[in-house]
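Contents: one structure, followed by commentary.
Order as written gives the chain letters A, B, C, D, E and F; numbering starts at 1 within each chain.
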Amino acid sequence: MNLCDIQTGMNLSGFYLLKQASLRTTAAGKPYLAGLITDRTGTVELKVWDYSGPISHEDEGKIVCFQGRVSEFKGALQVTADRIRLAQDNDNYDLSLLVPTAPLDLQETLRELDTMLECMEDEGYQTVCRQMLRRHQRAFTTIPAAKSVHHGFVHGLLMHTVTMMKTAMFLAAQYGEVLDRDLLLAGTFLHDFAKIHEFKVSQTGLVTDYTTAGQLLGHLVMGAQEVKEVCAACGVSEERAMLLQHMILSHHGQPEFGAAVLPQCAEAELLSYIDLIDSRMEIYREVLDKTEVGAFSDRVFALENKRLFRHK
Amino acid sequence: MNLCDIQTGMNLSGFYLLKQASLRTTAAGKPYLAGLITDRTGTVELKVWDYSGPISHEDEGKIVCFQGRVSEFKGALQVTADRIRLAQDNDNYDLSLLVPTAPLDLQETLRELDTMLECMEDEGYQTVCRQMLRRHQRAFTTIPAAKSVHHGFVHGLLMHTVTMMKTAMFLAAQYGEVLDRDLLLAGTFLHDFAKIHEFKVSQTGLVTDYTTAGQLLGHLVMGAQEVKEVCAACGVSEERAMLLQHMILSHHGQPEFGAAVLPQCAEAELLSYIDLIDSRMEIYREVLDKTEVGAFSDRVFALENKRLFRHK
Amino acid sequence: MNLCDIQTGMNLSGFYLLKQASLRTTAAGKPYLAGLITDRTGTVELKVWDYSGPISHEDEGKIVCFQGRVSEFKGALQVTADRIRLAQDNDNYDLSLLVPTAPLDLQETLRELDTMLECMEDEGYQTVCRQMLRRHQRAFTTIPAAKSVHHGFVHGLLMHTVTMMKTAMFLAAQYGEVLDRDLLLAGTFLHDFAKIHEFKVSQTGLVTDYTTAGQLLGHLVMGAQEVKEVCAACGVSEERAMLLQHMILSHHGQPEFGAAVLPQCAEAELLSYIDLIDSRMEIYREVLDKTEVGAFSDRVFALENKRLFRHK
Amino acid sequence: MNLCDIQTGMNLSGFYLLKQASLRTTAAGKPYLAGLITDRTGTVELKVWDYSGPISHEDEGKIVCFQGRVSEFKGALQVTADRIRLAQDNDNYDLSLLVPTAPLDLQETLRELDTMLECMEDEGYQTVCRQMLRRHQRAFTTIPAAKSVHHGFVHGLLMHTVTMMKTAMFLAAQYGEVLDRDLLLAGTFLHDFAKIHEFKVSQTGLVTDYTTAGQLLGHLVMGAQEVKEVCAACGVSEERAMLLQHMILSHHGQPEFGAAVLPQCAEAELLSYIDLIDSRMEIYREVLDKTEVGAFSDRVFALENKRLFRHK
Amino acid sequence: MNLCDIQTGMNLSGFYLLKQASLRTTAAGKPYLAGLITDRTGTVELKVWDYSGPISHEDEGKIVCFQGRVSEFKGALQVTADRIRLAQDNDNYDLSLLVPTAPLDLQETLRELDTMLECMEDEGYQTVCRQMLRRHQRAFTTIPAAKSVHHGFVHGLLMHTVTMMKTAMFLAAQYGEVLDRDLLLAGTFLHDFAKIHEFKVSQTGLVTDYTTAGQLLGHLVMGAQEVKEVCAACGVSEERAMLLQHMILSHHGQPEFGAAVLPQCAEAELLSYIDLIDSRMEIYREVLDKTEVGAFSDRVFALENKRLFRHK
Amino acid sequence: MNLCDIQTGMNLSGFYLLKQASLRTTAAGKPYLAGLITDRTGTVELKVWDYSGPISHEDEGKIVCFQGRVSEFKGALQVTADRIRLAQDNDNYDLSLLVPTAPLDLQETLRELDTMLECMEDEGYQTVCRQMLRRHQRAFTTIPAAKSVHHGFVHGLLMHTVTMMKTAMFLAAQYGEVLDRDLLLAGTFLHDFAKIHEFKVSQTGLVTDYTTAGQLLGHLVMGAQEVKEVCAACGVSEERAMLLQHMILSHHGQPEFGAAVLPQCAEAELLSYIDLIDSRMEIYREVLDKTEVGAFSDRVFALENKRLFRHK
């Protein structure tokens, strides 16, 4: 049963994601487990009375098999487990019901990606892109694009990248006089690649934190470094390597948004706007989805604390 | 002869734009005219010795018929007129050689505009756009989009608007889930419309200054007001009128860039980025056109003083 | 009894404003109502046990007739109702004890307003002001000037406007060389007028939220539009209409404080300072009123988080 | 003759202010003096051929007696001296024609000041003000309020201070509930007093530069220090001394405008706005005076580079 | 027993610092005391049932003698007192176990301070420093350097000042060409001196709040004033007094960090960096001390909300 | 003869740096060379009449052998060449008289550098530093540290680096509890290393411009990349490589000053301050050197436009 549908008095059983867990002691000295379980539709408080393990804080982020009842405590629903255990390898459940996943057809998206890489006429740029994809295909096509702000779901990075590449194709044609399409396309494909090194990703595919290198170096610098190495290894020219690095290093547009250098060629400048558009439109999608027609959303931190309007 | 080709010692005759003019007196007490003449390829200093009129400061921005010689003064070229007079109605010269004009096919662009307006399915939005175009077709399709920063040439506003509408069409399809295509298209069409009221335009079609209302009210507020009136006159719904006004008022994105309100719906947010992209790509086009391959441009004031790189 | 005077164990009955209300269920499955009641002197938690309506969330902002007892829960007072019902039309209670009201003599203030409008020598400016007042007299003289920051009480907008007009009269005389008194006076009278369209006002006269148009267009733009229409309808000159619009559009002084354009004439610049002074002095009045002599207030969000000092 | 009225070919003689002077040598090896002379109406280039002294760079800021002719050089007027000498003590000229002076009646203004000081009911505050005036009457009533931005003329500080005190009187009455009139009045009187220590003032009464202490400590800190000393010397209470210091130290309102601390009581906050109003209205007066009706001024550096509009 | 070591079920007795205290009434109408006790190792909630005094809110910041038990309430530990009383003069406890104290040898630090003052060759600067120390030795060597941000412990100001003076000695030697060592040393010694007037310090030596003068004038201005007075009293030259004042007034570097004037000589500029270094290194010390090796700290408000990394 | 000593009428001959040169034509049609020659003491205008080459614009930045006379033109000195030619390899002149050079003993400085590298106890950090020095010894010890702001002279980068390392040694000892001395020392040594790739350096050793890679990637990113490669090549651990990269990438402290990431460990934070101190003290040295005692300098662009005071 979806957590958005539970009501006081119901029985509940099934597989859920254990978001938080801590072993505690009641005033009366009895051990219990307090935590949160979640699926794609909601989150609810969990209590397991007279329980001292083995499930504990260490198991946050894992899937549990739960059986119990729904009650109300201080005006909010909570669930009390009669039985609870960690999911096993041979358990049969649908992860996509528990963890948010990008709304895309994976095979179709990979085909679109391949087609766009294929259409590059510049061999050097195509080679780097193909080589990067070969190195990291699984991670690149699986991880979210963010911890929470936007595209914070499985396959999020792929969805973000491919959508941006389509926009890049269109604009490269429209502003053909000032843009090198293949440079723009390759820069767009590679811009967030190093997020695969920047994020810690849990068993279920969501971002739980930043890696130490991600925090100390950032995905812009790490991305530029790997692209430089791959260019050298594949015999791609130094000028191409330099331009690709420049696009990756500058794609946040402004220093205060994290750009290591300012965009200084048309493709780099444009990449920063394409990135802005795709991330912003995705935020609108996620926020308006939860807003009633004719009403304003709550304040959205990632959009300068604005409240967004959902018109008819 | 194009002014970019003149050299010391040449004779020069033809029609040029009188950019500056002032009547003065030499140390020896003789009257003369000092000024600048210009065409699309360059600008050069003008001297007319023993001259006390009728051409004067009042004639700046007009076309003159010139005959004289090229010399050098303090390391720079200058031209000395033997004869000079204002162009007459029956003079035969090509204005497009003197005044910068948008690089577009006017009829083709108008057809593209018409097609995009036609494809709107929302009658209300289409009606406002058609009505605004009917009211101001000549001005809208003729004036520049700016005094100098970008699209500062004849038909510049049309070129800017139509290019943006094409991007709007593409992105409305790509992000169909969050965008109302017709609202986006109408807002894009109307966003800079009131520049026809904001600019003073000279005889030759270039912007010479801002009008008083343009300075005191701005094209965002004036544009929203006219759209509101037209909506009321045409029976377009108040909600549509409100949304269109919101898009016009917010299309500069941030208060410090002149937005009267912050964008609060997806179409308004996106419009501000489409505007940014088109103006920035045009600046790149104009600047890189004057930059050698492999070199950096001078600092570009309108792009945060950056120097732009022209790669191969 | 005033809510600031209640103590544990007292009986309490009377009319109060129902600020919040929600119907809930206890752990034992019994329905109850939880909420807040308030008067001008304080706010206290409300509980109605074994209650399932008719009063509910929908009735927030209305007046209730209450009878019950005061107790203490977790260190704070709360009231438990024995009987509770919505106030009826024929109920006899003093709204001004429940809702904060401007500390002014309404008739006297209206007379002062009339005198200042009367003293305008410029017929055009006087006409617009009179016409705007005629259109909206009830709303203009009743609503607060803000949701909470300052003048957030009944008649607040009138108090704010009239006080500012007095300052305008004084400064127009003092700086007569650079100021057109009637323009300054008219601009001051009209500057916040469109708050009557920007706010949602509850039955009791307080602001509960912004209207959709208020949020998407703002009271500056809406005010300028209505003034433009009224000027046209009354035959007031376009220059006057333009200057009044400019004053309304620029009265927040800086873009980051919401000005749609920068003040560009002396009257507009001065209006922004008069507005600043009146709002700031009112914030000081409200904050220092709750601060002991010789002490500092808590941090005041609307005054850049400063703590204010109340000297002897 | 006023310098605004001179024309090529005229003879010119009289007393003028020597604004700049430097002794030079022509290409032919002859010594000459080049400089600028000025009066209240204008400034013109000066040449004295075959001249090697005694007037030199050291005499800038002094008055000279001049006799010569007006000619034109490179499109601008210049004057060539036949005879030139420094003015002597017994020379008879009207300094007020050469140096800009505040547009006020000095005796009347001093009477107004005295009346306002007299009306203070708080003996402590009145004592400090009287004592400061006694110490520095001549300087306080003579110097400009600034080098150039506003009130940059003789008696400028007095004019600025007295006008502000009148506004303070009005607002203290209007906001009597939150303001201590005598504190506001005393703080206003004293706020810029230390400009007498901050400025270097030339023989003719204009500010030529900052003193070293003015630059390193600023008039806010120096003013607060002297007020503290005077309070101690006159037996004024420490709380009064502290509040007056606070007003002086905070009267620039914000740290980025030079405030040493943020205003934290109502009188200090208000003083910063009264100061803003008086300086801004004076800038408008000076700029609009040179602007045609219906036109915009040049950009005004001291008003965030705005262009100001002069309406009818 | 240290509070960091207590566990549910233990008995606890000893002297602790009473951080918070408030007398309350239970739902059942019984009086009790709720509060917090603290030592250098931790803080825990306190309950004293059936207690109505004499200890109350007034005694916060004092030492109490406590005897009772440790229990758990809502997942957190709390202590319940059987007996509690204020510490007496003849009680025997180690204050340094209850209140954080600078990690330094007091006598050794005072000797180092004396040596550095002694090495000044400029008699004037040495005289001021010696005189200031004589006036305020006890306070200067005892109080913290801050309420909480850094050096918020007993002797903190002394530790901060002496460490900075050592750095000043080193840099004065290294940059001897541009620096006057004695001015730098004296300015460093005096820069935060007026914190003795700016802070309210409790019985136990910690900062509890700002004084009114501290809030309204700040330690920069108060420090400069006292140094000026002492210079005058000791016959130190006005230039030295001015330079010392300048260093104190500017040592926060930028107006937005509280500097009353910008640093304008090399010693003042350098002082602001030495201050920055010492305060930042101390924050790192305090934060990293609580961070595991290989991990990042929580966000540190005083360091622009950064998370700090503790490497091996 | 030093250019600071020339006077009208003198003969002048010797070797000078040709700073600017352009071939022009007089009004009379005769060719000439106009330019600037410079030595360490000054700069003067150059004219070579009847000259059409071979020296031209292309030779800017080279040394010329000059023979001619000093005259005065429009109040400024200029030199007219009788003979001029480019310096040859076998010419005998002292380059250090023509080009500004760091005030240091090169051998002594290199010894100091070696000693500090030697004292590192961490083999990994020492290895990277030694290897970087081996790769680039000539460039690193020769080039300036900047184009003009500070240390803009031959050996400037070496001087800047070694001075900073001495400060690092001192502070690593002083704050030993939070600092890893060897990491700080290595980071300091390496922080600006990639300026050897970022600058174009002329024949005479001065910086003339940025390289394309310098402009598009910056010395922070390029430096981090090379250090990463060298670490990998030398078998230095990944954690060391990461920390060194972090220090290089963050050493500008804030994004708006060019930092690619914020400093997040104590050594990185401190490095940014040591860099600030050394660059600022050098600017003071260079500016005060040209300022009279008791006076203020002109505004210094690199120090937020401040005027600096030179006290006794």
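Operating definition for what follows: contacts are C-beta pairs under 8 Å (C-beta built on N, C-alpha and C of every residue); 3 or more make two chains touch, one makes a residue touch a chain.
All values reported here derive from a predicted model rather than from experimental measurement.
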{"item": "Set of chains adjacent to subunit C and to subunit E", "value": "A, D"}
{"item": "Co-neighbours of subunit D and subunit C - touch as defined", "value": "B, E"}
{"item": "Of A-C and A-F, pair with higher C-beta contact tally", "value": "A-F"}
{"item": "Subunit E and subunit F: spacing of chain centres that average the CA atoms, whole Å", "value": "43"}
{"item": "Rounded Å distance, subunit B centre to subunit E centre (Cα mean)", "value": "62"}
{"item": "Multi-chain contact sites of subunit D, meaning residues that touch two or more partners", "value": "212, 215-216, 243, 264-265, 296, 307, 309"}
{"item": "Chains touching one another, given as label pairs in label order", "value": "A-B, A-C, A-E, A-F, B-C, B-D, B-F, C-D, C-E, D-E, D-F, E-F"}
{"item": "Contacting residues of subunit C [partner subunit B, same complex]", "value": "212-213, 215-218, 220-221, 224-225, 228, 242-243, 245-246, 249, 255-256, 258-261, 264-265"}
{"item": "Of subunit F, residues touching subunit B in the complex", "value": "22, 24-25, 27, 29, 34, 212, 215-216"}
{"item": "Of subunit C, residues touching subunit E in the complex", "value": "8, 71-75, 294, 296, 307, 309"}
{"item": "Of all residues in subunit F, those that touch subunit E in their complex", "value": "163, 166-167, 170-171, 174-175, 177-180, 183, 239, 243, 262-266, 269-270, 273, 276-277, 280-281, 284-285, 288, 296, 304, 306-312"}
